[in-house]
């Protein structure tokens, strides 16, 4: 049994990593066709670096992810602090859980209809507004998990000693929850930078609000080129680095776990 | 607490309620929404056998993906739990890592692997196992594979968390009383981890049933799931009210799935105390 | 500052920042087009000629840009490239500005047929950019017999099964079956819809995929041997492999027209007209033929094209008078509901 289990785990890991490995290997493939090996080359990385549309969309994604993760981290952390101290409310918990499970396409069209009805001009800002919605929920969940074992008497002591709310937050609460807050922020950043459908529907006119996943989607739709392999490899390297960082900060726990 | 709740209310609850308002209106002759007449027409249309069959078909595909994911991921999570303590975190980390890279890219990887002149067919042809490429891509098989692949990391995580919380003394007691390892697993371990299993299952099911990207890219346009239908109604048919109706239907179906999960995990917790 | 105001402050500054991001990019002529559909150096040349900056935004499909434009009311765009039935829908939604011919001297470069298009006679709200036919594109070295009819695609012989693709865009998908049955490509009559539905459901079993973006590369790689294609895109395949050929089935084709329209909400109507005039100069039209390998309604441009192109890609030589024999796709109006239901039935079929 254990040997069988070990073998199963090995197969599962192979299943998870072979597709990724194949993409990375093929990103160094010289030929125009990405499916047969024809010699080592880094030219697709060069092509990528000189493609202004990809660079612009990557930059847009960074802007969206940074701002939406920042807003969501602040609001989500405060929400977590409030919720953990307030009386339990199933309705509120449902509200906090909903953004994580509403299908992307439903939230996307709901927001598009909403923005259209309000004659709200779409752009990067509307993507940011939308991304904050699901990011708040994730940040709140990560921080709440950390607060589960939190000793609230510490904050009471601080306040008994005459410290105000803000001082207590800054000197006591924040340092204790900081690792989970940073992990949550990195999680929010990663989720936002990868998100496609909601961005696709809530983006405004033009290259100015095209994000990287939107660019990747149109590249995939328009054909399999080694450029996508190169980009996939870079995107994966960056996300892996971020997760690794988040994991370190969150005391070896994977954010969201 | 207030700003966060306000944000969710204004940008999630209100737009979702708007969806339920749109249901009662008609598509304008050239697209968009005709606000002049309220109607129940979209309801009757949504309950047309055609659209119900697409919804049920999506549910069937999502359920298949869920079951396959559980069959792969439960033993995998179990194996991680049985691994030496110092390896567990790293193994778990390795299992979850792919989840954090771009969904489109993970899906695209399978196009490269599965297409008729792709890696798998090339290898099989090269070793002489096949003479004609296998039709691996652009069908239901590819879509289900894509869904299982994309959600596997999360399911392993959910089940592992449940296994970890399990008190090992139950299994020991069972073994001491003479039960075989297999009996112990099915009578003790599996029921006690039902909550984790159902959390993972609901996750895969809910994300699969509303999925748009996987059927779009791996189904070759031949697979119509409810997510694609909603997309088509909004963009191709430009029939927003009907697209909204189908979204409402999808939300309802998800609520049912969640309710079932709540009941299932409630029962699992009840067993635990008994 | 009190603690409880901090989130409001952060949210406020974030909004201000977001507003500035969006505002900073407004002072240009915004052109919505398909990727790679206009000359590469167009932005620089237009700037040199007129001093006006261009911003190009790409859409993958007509549907995508229609979604954006209906959502924004056309705001944010000055010129939109869309296929004629979509231009027609935008016009009927009252979202398009009239075309002022006095501001477009280069209209003189166009064939007379360019102003006889059924969706917009006299080019009142749209101008044609490219036009052509829809037919069959195939690997002449891999098919046993040259195709002659739409039925060669719809009822494929055994050797073709699993190696054919059809266009994914619903109107063209249905058009193939309408044409095979000698019906109008614009019918939304239920009996006709049912008839072609049954055919397309049957054909679906033999399809490799529905594809309207990469069918020609599937021919090049050999994944497919016979595909439903627009003439210009088939030429992309021919460019990589001369064995790839295009033909119009004996039952006929549709005439597709990709047009330029100016939304009413456009910020700068004068500049938009200047752009159309610029696009209609012979040099730009020639670029389209030689690089995109589409036919253009621009006589001056077509006359300047290297004659060798016409032998390598025979479909470029189809004369305008022949094109006009084919029926154009038109907006279906209220017929769209029945039509889209039929499409859903096909898509849902196993």
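Should a chain be cited, it is by its letter among A, B and C, assigned in written order, with residues numbered from 1 in that chain.
Please note the rule applied: a residue touches a chain if its C-beta (ideal position, glycine included) is under 8 Å from a C-beta of that chain, and two chains touch if they have at least 3 such contacts.
As the structure is a prediction and not an experimental result, all values here were calculated from the model.
Set against the C-alpha centre of chain A, every other chain centre is closer than that of C.
The busiest chain interface, judged by C-beta pairs in contact, is A-B.
Chain geometry summary: the mean Cα position of chain B and that of chain C are 35 Å apart. One inter-chain figure worth recording: chain A and chain B are separated by 18 Å, centre to centre, where each centre is the mean of the chain's CA atoms.
Contact of a single residue of chain A with at least two other chains is seen at positions 35, 75, 78, 112, 201, 217, 224.
Contact with two or more other chains is made by residues 7, 11, 67, 70, 221 of chain C.
With touch defined as above, residues shared between interfaces to two or more other chains in chain B number as follows: 3, 115, 117, 234. Of all the residues in chain C, the ones that touch chain B in their complex are 7-8, 11, 63-64, 66-67, 70, 89, 92-93, 162, 168-170, 204, 207-211, 221-223, 331, 333-334, 336-337, 340-341, 343-345, 347-348. In the complex of the two chains, the chain A residues touching chain C come out as 33, 35, 53, 63, 67, 70-71, 74-75, 78, 112, 115-116, 119, 121-125, 128, 164-166, 169, 201, 203-208, 210, 217-218, 221-224. By the touch criterion stated above, chain B contacts chain A in their complex at residues 1-5, 7-9, 11-16, 18-19, 22, 72-73, 75-76, 78-80, 82-83, 89, 91-98, 100-106, 108-113, 115, 117-119, 122, 149, 152-153, 156-157, 161, 181, 202-203, 206-207, 209-213, 217, 227, 230-231, 234, 240, 243-244, 247, 250-251, 254, 258.
Taken together, the chain A residues at the contact with chain B in this complex read 1-2, 5-6, 8-9, 12-13, 15-20, 22-23, 26, 34-36, 75-76, 78-79, 81-83, 86, 92, 95-96, 98-99, 101-107, 109-114, 117, 129-130, 132-133, 136-137, 140, 190, 194, 196-197, 201, 213, 216-217, 220, 224, 228-229, 231-232, 235-236, 239-240, 242-243, 247, 252, 254, 257. Residue ranges on chain C touching chain A, taken from their complex, read 2-4, 6-7, 10-11, 14-15, 17-19, 21-22, 25, 30, 32, 35, 55-58, 60, 67-68, 70-73, 75-77, 213-214, 217, 221.
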